[in-house]
Each structure stands twice: as structure tokens, then as C-alpha cells.
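Each chain carries a letter (A, B, C, D and E) given by its place in the written order, and its residues are counted from 1.
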């Protein structure tokens, strides 16, 4: 369904991402892990069109989407949430999600209709799914951190995506929130038949939810495989714990 | 049009550049380190000119008055700005730029009326000191007034002193560091608020100096701030925000395009600097040199 | 939620305003002055206002006009026509002034003039120099109390045509006033002396501070004489640059009002000598009793010498007073009928307010700057008086323009 | 206990805007010891450091330095009291040269000089005139530590000094940190690399999700497999 | 229920305004027209500033060009006045689009500075093209159709156009486009990520805003029957910015309120002192100091549906 082939990106000579290959099958939930500065976020930025790769190709559903703008990639059905909270601070929760729906439906040029009556059902359905319905009239800047992260996901859902990219969905959440959030993602995936690519620091989360794991260190993939394969891999332990003596 | 005409026009353009540079470098310093788009900068320039007038008059229009004013006027402006910084600006560093822009615009309104209250509406002039009266003849027919020649020396001197200040003094180095990372500067034991205050005062000192230097060539009038502040902002923008060398290059572009423009296209010569700004920003949206923003 | 508060605030303000307008006592002649009291023009406008005040005090001290005192109020229009117009309307509609006067800003003057025509209120223009005010756009309710660009140009051309120069350069501030003065001089100069030729032209932006580049260019062309059409602060700035570059010693030049006190006094003894200029008034010339008395009183009141604006302000007040006296009523139409063609005494002699175009016929003085012992600044010398009949556009010309 | 700890944080709670990051964190650093603050990425190590340094002051709770409350004091005051801070993202003053980076620091006295810093980090001496922005990660790390040293600190807050560095440089750095300990400087060391931390520290705290989960000596941690697995290992 | 009350309120306000000429002296009728014009201008600016997050520093260019277009058609052609009333807004929006295309690549302060210098070029052209625009003297005594020529006529015309325009702008702000614009203001990057072409939306916003600035310019001609280059000068633009700020730039009616406050202040203060710039400066600094969200923003914060300050 999705395939990245030999993606590379360097900043001022520093290889942030180097020759990364990844393919994701429909319905999979793939995790990308790696220490800070491993290039995970850069990799996601390449996939979603914020950055243009120096080399390599990105193929989605058999179509080459390398070099397309972010909004074009969104229209193809790839949605993304951000690591840092990146919601529309001054809009209400409802408007945040509605905006995404409007954009998908190509209604952003509509000057006449009153927006508050458009796609209310769908927006509310999304909000209900993620459990933010009772907060729909709160200005999103006032939500708690955890709620804002959930809202992030809700915004991404507004695009009716088939492929979702979640950049540290649980970063900065308390343990209880983390569990709730991951359960939510799991449920959404089942309900909406989503394919998910996410990165995460919390290993409990990664091993609890991912089908497959890709480990990145200093811009390179050191291993791809199932949870068990990764757990037992010596390179991974080195990267995380510095257990090697070489 | 021979080469001498062009050369002389360039030379004359340069002396105008000097004033623009001195004022804009102060503006740039404040923009770069404190991130305040200081619209009141022009008012401080005007204040410098008026103070120069008062000092010069106190000494009966003698040469001594000029030299005292050369130091005294900028210092007085620096004092005024120091009070303003400690009383108002230090509490507002984190505000949005638009707010600061309008706040300083409010200050320029206040300054404008205060100057009117104190000095009244009459035109004032500051006499050129005796040593700089007269002119030198260059390239057959360039009548370069001695005072402009003096400015041509002062300009590089100020640039050099600024370079010394920014690159060689501890204060300058700290301000450069603070421009990029004010939090970390605080974390190595430096009182950032104080550094900001001093930088603000230094920038305003330059505005006062510019006003003082320009005073002997023009009539000091109310409203002289308005014509200058726009040009200064454009200079700072095309040079790169917060970059003092950018201010120099911007001032050069402004001064030279204008004086050359007069030569080749007299009717619309004054449009050239603005056209230059549009050109620069079209190709280099962030200004010519590296901005600290 | 928001609306009621908005409306409430609005009404509080309105009532505040309404109550303030009651401040004026009844039974006075109210005059509203709209003028620029901000920025460079203040050097001229303060004199208009102060001399006007002086005259009003004199008149009121003598018991006012027909038993009523004159009362006046000023508004600062900040050299912005939109503000000026709003303030003129405020004076007219809220303060209910009987007469409007003022403004150095031609655009404001023209806009207010149009308002005066619609509202049928006399409007005395006291410093705006556009010749459109009493020329092309003149009407029954507007009065020109100062010389305009056309008059200045014609007077200067008259004097210059008698001089031997033939190769002229024209330079000036690139705005209406500069162009109008230059054109006025040039049009009539070519008519009066067909031998003159134009070597070149230079126009700089208004408020230009450094004239050296332009002067370099002019010097290179070696003209005999330069017509410099600057206004406001540009007058002083150009003279300073001319002195610094040595231009004033090499090539004679003319500036309207170059010999005027407001230009020369700030420069002290450093002003260039030998600059030709035209002006309507000096506090030292003509050396008549009327002028001396006026200067004396003005100095007593404001501790400075009156400048040209003072004449305009003073004369305007006199005309208003005499006009009402002659009309013997406070009816505005009768007042206008009364002052049309009226002649009064002034510090510069008898002055007539022409009936055909409502333009005050002022004598014009042509002279050059000179250092004279005993003065702390340069004064005008070699003064020739050009009587108004010699240089003012004729009534036929004006009426042709208005058609 | 009658002796006063060098640094003591009591129940600090810190927020970033609206999000609650630290939950009742308490810790202690005694004179002369290196204390490790271990935890995964995003566990709250850096926030703890910033809270202590006053860059992101805690909303509740108190911090004592040599027995005196320093809660809410501004960073430059703390630095002048002798607390040096080395941030995880290094933050050298990129526009200045190496030497200038050292020189602009506020100095309490002349105990630490540029020369002494160069003695500990000889690599810096050769590149003293290079722009700090052009240095490699390891060099920048040395520079930030050196910069903190110039203020003659008694307590050094080291935030992940080895992060992103090549193993050989990490090794050198570890030795240099031990040298600092010998010089009498107490260190609070934030680290996610257990291996590296265990070489240096005397005592450890383990932080996860903004709360302290374990406190003990190095030995206690080494023996507690469960804690290691739960909070640090995969 | 709330909805009905809101409608009633608006209707009541409109009725009060309709009665203004009957209950108020002429001057206040004129002043109200003026406030409506500047209020509309400030609201049109706020569409891009407060709702779009675009730092349009030199907004008056479009206002002035609109006024000039109207004035020129009324004085120099014999076309039906309706063309003049349409031409103003259209010229404003077209110019706004052109300047927008040039400037839109830049962000925030840079956008503002480039826009201000381009605007100054337009001003310079108007200022010196004597034969066409009348130069710095401007054009005066513009003939206005008889029914709008009186103070009351002009007031009703201004009231009608302003009301319609405000309704339209309100509609736009609450339309999907308006929401998108606010999204772009809050977070342009995220907006791209949900499939919005940010630049094109901003351009459309600029065009609309220029259109309503042109409407305000056209109204100015009707009310004051005069035009001059100062309408395009940058200081006026800053004054309009101040109106937005004083009223509250994150509220819909804030700019209108700000225009009212500034113009009334000007009228009141200038009656007493020539130093009204000083008073304005002091008030401005106080507002920025104590009411960073403007007067209306403050009122909403205190009494309304709390949009408390969070610095984004």
C-alpha cells in the first residue's frame, strides 16, 4: 500500500535520513522507534511533503507521490498528527475538526454558506469517536495537553484517511492518558480500517500495539521486523542502553 | 555624462548614506537583539537634532557648542531612552511585534508633541563649525562641502567603533549571543534584562548621534522624524533584520540608487530606492545578509 | 452580547459631546480656525493665529462689533485634509461658527472651500498658496487673504525680466506648490523676456534633506540663474546647501519668500547673501508708523517679531470686523456684500479685497538677502515694491478660468 | 540530618503552558557527589533541570540551595550563586568564537580560567578561534561544559551530555566529567544511557512520566533488574 | 432563543441608526457616517489581520484607490454614477490582488514592510500624476447624485452600504472560507497538512479585504465629496491599525468600535487642546499595556464567553 524507497535527506551535510526503505501493507500498524535525533520526524516530514527528499521515491497505492505538496498528499488520503501540539489554538474544538472535513470536501472556497451548519454530523461523529464531543465548544487553546493531542488525531481523521501517520501520539501524557490514547487509536484503526505508521518513545506502547517495528539510529534503519525480532536484537539494545563495549 | 560626474554623484550619495547608516544601525541593533520594531527611533533622531540646537545655542553658536553637542546630544537621547526602557519597554519584550510596533508608534506621537511643547514651531538651525565651512573642489566641478567630507570620515569611524563594540567588547558579544538565545545567556549568569536595556540605549544613542550630525546641514523642524523612519525601516529590512552590516549595505543601496537615480532619470529618481527594495525582497525575501531572526 | 455595550458607549460619548458644545456663550461672533499646528508648517501658522488673536483682542477691547465680541476657536488638522474637513464640519455644524478661516494646506483649503460654498459660510484662506482657491475654484464664499502661486510667479517674473540673465535652470520641491511657483515664474518670464532659455530642470521630493547631489548637477550645467521653487523647511535646507557648496557665490538664484524672516532668522548670520526673493511683509519694511505700531504690539504680546503670516492673520481679523461694521448686521450674505471691494488700512498700507475674485490685493516686495550691521540675521535689501495692479491676474482672466 | 544538602528540591510541580509535566518531584544532591537522573526520552529529565535552573520555574514546590530557598529566582542569579547549567541541546552561542563563548560568562572569581578549561578539554584550545556554530557535536558539548565551568560552579546540571555523540567521544567525556568531580564540583547528571550513567554516578533517581519512580545508590539500581527493565530497558 | 434575541437586537440597533438624522444634530449624523466609513475600513483590514493573521500594514492604499476611482469617474466621465460606486471597490480589490501576489511569499513583518513600500509607490504615483489625479491638491467638489448629496442622504447611503457590507463580511468570517482563514492564521503549516492551499486562500482574503476597503473609499467620496493623496499615506494606515487594536482585533465588532473611539476622541480632545496626538499616544500605550486584546476583547474576556489571553 505504501512504500518508501531509499529516502535520503541531509541538512548542511548532516545526513538526517539516509537511504530508508519502508513498506507498509494495508491494515498494518507500524512503529518507528529510535533515540532522539534519529531522524524519525524528518522521515515523517519527507513522507508528508513538508520536506522534499534529496533522493528516493515515495509510492502510495502504486502512485508516485514524491515531491507533492502537503495539501496534495492529504487529498490522497494520508493524514498526519504532530509531535508538538499543533492545533488551531483560537478555534473551538468543533471548528478544528470541521476545518479538516471542509478541506477534504473542497469547501474552503465557499464564501456564502454559514459554516456552523456544514458537516456537523460527520464532525460530531469524529468528536464522539475520540471522546471530545462534550468539549466541542471549548476554544482548543484551553484544552489540556492530553486533550490537545487527541484533538490532533481528530483533525487528522477529518480527512477520512486510509493511511495515518502519528508522530509521538502520547508524548507528554500521563500514564493513564497514554493508555487511553492508545486504546483509542487501536479502536479507531479497527472501526475505520486504518493503516497506521507511528513513532513513539514509550516501549510499552510500541510493543503493546505495533505489528511491526522499524528502528532508526542516526538517520539509518538498523532493523525492521516484528516485536520479538526487535526486542532480541543486540544493535537495538546498544542504541538504547549503550550496552556495547566496542 | 562623464565618469567624473558619476564619481562625484557617488561621493555625494555616500555622505547621505552616512546619516542613514548611523540611524539605521541603531534601529537594526534594537530590532536584532530586542526584537522591537522601534517606530519611535525617528523621534529620537529628531530629539537629537533639537538637543544639538539647544546645546549649540547655549554656547552662543560657537564652534565649542558643536563639539559639546556632538557628545552631549546623543547622550541626552540615550538618557531619555534609558528612562523609557526601564519604565516601559523592559516589561514588554515578550509581546507580539505588531503590539510593539504600535506601542512605539504611540511613543513617537508623544515625543512629537513633547518636542513641539518644548521647542515650538520655529525652524531651528545649528551652525556648521568654522573648520567645516566652505567646500573642496573635486573632479573639476564637484563642490563637496567640508561638512559632508567630515561626515564621510565620521561614517566609517562610527562603523569601525560599532564593529569594535559588537565584536571586541564583552557587552557586544553578550548582545550578539542574547539576540539568538536570550534564555541561555541568562543561564550563564548574565542579567539579560540589563543587557537588553543597554543595547536599547546604545541603539538610541546612535539615533541621537544621527540627528545631531544631520542638524548642521538642514533646518531642524517638527516632523523630520516621519520622513526618516520609513527609509530606515526599509534599509534594515533589505539589509537583514538585526544585522549591522546589513544596515550599512542597505544604507549604501538607498543613498547610491537615489543619487545615481537623480543623474540618469531626474524626474523619477526618488522612486529608485523603493524599486530597489522591491527588487531585493523579491529575490531575497529575508534581506541581503543573514538576519538574526 | 457585544452590541448593547457598544451602543451604550456610543451614546455616552454623544451626550458628552453635546454637552460640551454648550460651552460657548450666546451673542458673540464665532470664528473657527482650522489650521496645521503640527509639524513644520507651525512656523507659519502660529503667527497667523497669534496676530489674529492680537487683532481680536484689540477689537474686543474697543467694545467689539455692533455690541458683540469676537470669539474664536482653533482646530489642529495635522496637515491632513480628511481631518481638516472633519474639523471644519465640526466647527460649522456643532460649534455653529459664523466664519471659517485658516489652513496652510491647499488640499484642506480647497476641500473646506467646497464645504463653505455648500453651507454658505464665508471662508477666509490664510496661507494656502494654491491659485485654484480664488482662481479656478473660487466662489462667493471663499476669500484669499494671502498671495498665491500665480501672483508670486508673476511678481517674480516681472522683476526678473529686468535682469540680464538668460540661461535659466528650474529646480524645486516635487509637489503642487513647487511646480505652480516655477511654472508661474517661467510662463510669465518667457512672455516678458523672450530671450530666456531653460537649461534644465530638477525636482526633488518634498522634505528632501540633502541637496548636495542636485546642486552638483546644476553647477555642472552652468546656468546664469536658478529658479528654486521650494516651500516650507526646504527653503532653509536649500539655502544651507547652497552656502555649503558655494552655489550661492557662483550662481544667483530666486526663491519665493527667500528673503522672509522665517527663512532667514533660523540661519542667523550663516545664511547665504544675495539670494533673490519675493515676500509680502517684513517687520522692518515698509518703515511706516502703522507697521512699527503693529510690530511693537506683536512683540509685546508674543516676544518675537511678526512674520509674514502675522500680516495675513491681522488683516483677516480687520476685514471681518470692518465688514460687519459696514454691513450693520450679522447676516452672512450682507457681510459678504459689504467686504467685497472693501479697502482697509494695514501695516503695509491700504489693501483692497477685490470684488471680482475675493483675492486680497497685496503689494509684493522683491529683494535680496544681505548682512546688515546691528541685525543678528540677514535681512532683505534692495527692496523693490511691486504694486498689486502690476502683477495680479486681471478679473477677466480669473472669470475666464472659473468658466 | 543536621548537615545541609547542596541542592534540595521538594515536591516541585512544573507546567508547560497548560500541560503538567513534573509531578511532585523531590531530589537531593550532596556536596561532592554525582547524582544521576535517569529516564527515557520525554520522561521529564530536561524539565527537572530547567525547573531547578529557573528557566521554567515550578508552579508549586520549593528548591533549596545550600539551605536557602532559590525558588523563583532568575537563572542569572542562580548562576552567580554557583549553579552551572549545561542544556541537552547544547545551545552554544553559534555566532561567537569558542573563546568568546567562554569569555562572556559571568565570573564570580578567577578560580576557573580559560587556560584551566583548555587543560580539561585540550581539544578546545586548538579551535579557540572557530565559530562555535561550526563545531562538531562533541566539541560543542565540551564548550558548553567549559562555559558553565567559567562561572566557577559548585553544582553542575548536566543534561544528557553524551547524547548523539560517537562512542569514543563519549568515553573521553566521561573521563572529563570524573575529573570535574575530583575538582570538587557536584553534578546532577540527566541521562538515558544507563551504561554511561553507571560509570559516573554515586546515586540515582529514576524519573518516568514526570514523577520519581526510584531512588537509591548505584549498587541498589544495578541489583534491581525489575526497575531497570520497567523504566529503562526495552 | 438566543438567536432570536440577537436578530431583534440587530434590528433594534438598525432602527436607532435609521432615526439618527431625526434625533441628532447634523454634525453627529456626519460624524456617525465618518465612523461607519472608518469602521468599515478597519473591519476590512481586520479580515486579513485579525482573522487572517496577515500583517497588512498599508491597508489605506486600497481605500484611497477606491476613493480616487470613484471620484475620477464622477468628475471626468459622464458615466452613470452607479459605475463610479462599483468601480471604487473593484479597483481596490484588483490592486489588492496585485500587491498580494507580489508580497504573499513573505511572512509576517517582511510581508508588512514590502507591502508598505509598494503601497508608498502607489501613493507616489497618485501624488505626482498631476494631470490625472490632481496631485497633492486632490479633487474637490465632486458631484454626487442629488439624493445622497445632503448630510442625511449621505448618512443613509453610508448606513445602507455599511450594514450590507458588515453582514457580508460577517457571513464571510463564518463561512467555510472564513474558518479556513482563521485556521491559516493559527497554524499555516498544519493547514497545509489538512489539504489547504494556504497562499491562494490568503490571496482571496486580501482581494476581499481590498474590495471592502474600496467600498469604504467610495463611501468617503459620497460623504465628503473630496479626495486627496493623504488617503493613501502610510500614517493613515497605522491609524487604522490602531483602530483595530484599540477595539480588539480578535473580535468582529472590535475594529468598528475602535474607529468610533478614535474618531470621537479626536473630535473631543481636539476641542480642548492642540496636543491631541499626545493624548492619543498616551491612550494607545495604555491600551497596549493594560488591554492587549483591545476594549471589546477585554469586555468579552471579562463578561463574555471568555477567550482568556493565551499567547500563541
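Rule of thumb we're sticking to: a contact is a pair of C-beta atoms (placed from the backbone, for glycine too) under 8 Å apart; a residue touches a chain by one contact, two chains touch by 3 or more.
Since the structure is predicted, the reported quantities are computational estimates derived from the model, not experimental observations.
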{"item": "For chain B, the least number of touch steps when starting out from chain A", "value": "2"}
{"item": "Intersection of contact partners for chain A and chain C", "value": "E"}
{"item": "Furthest chain, CA centroid comparison against chain E", "value": "D"}
{"item": "Separation of chain A from chain E, taking each centre as the mean of its C-alpha atoms, in whole Å", "value": "42"}
{"item": "CA centroid of chain A to CA centroid of chain D, Å", "value": "32"}
{"item": "Chain D and chain E, separation of their C-alpha mean positions in angstrom", "value": "54"}
{"item": "Per-residue multi-chain contacts in chain B, two or more chains", "value": "112-113, 116, 226, 270"}
{"item": "Per-residue multi-chain contacts in chain A, two or more chains", "value": "142"}
{"item": "Chain C: positions in contact with at least two other chains", "value": "37-38, 174"}
{"item": "Every chain pair meeting the contact rule", "value": "A-D, A-E, B-C, B-D, B-E, C-E"}
{"item": "For the chain C and chain E complex, residues of the former touching the latter", "value": "1-7, 9-10, 13-14, 16-18, 20, 37-38, 73-76, 78, 80-83, 85-87, 89-90, 92-94, 106-107, 110-111, 113-114, 117, 130, 132, 137, 174-177, 179"}
{"item": "Residue numbers on chain D that touch chain B, as the complex places them", "value": "53, 55, 74-76, 79-80, 85, 87, 91, 93-96, 100-101, 103-107, 147-148, 150-151"}
{"item": "Contact footprint of chain B on chain E as seen in their complex", "value": "55, 102, 105-106, 108-110, 113-114, 116-118, 120-121, 124, 234-235, 238, 241-242, 245, 275, 277-278, 280-282, 284-285, 288-289, 292, 311"}
{"item": "List of chain A residues in touch with chain E within their complex", "value": "48, 50, 69-72, 74-75, 79-80, 82, 86-91, 95-96, 98-100, 102-104, 107-116, 118, 139, 141-142, 155-156, 158-159"}
{"item": "Complex contacts: residues of chain A adjacent to chain D", "value": "35-37, 142-146, 168, 171-172, 174-175, 178, 201-203, 207, 218, 230-231, 236-237, 240-244, 246"}
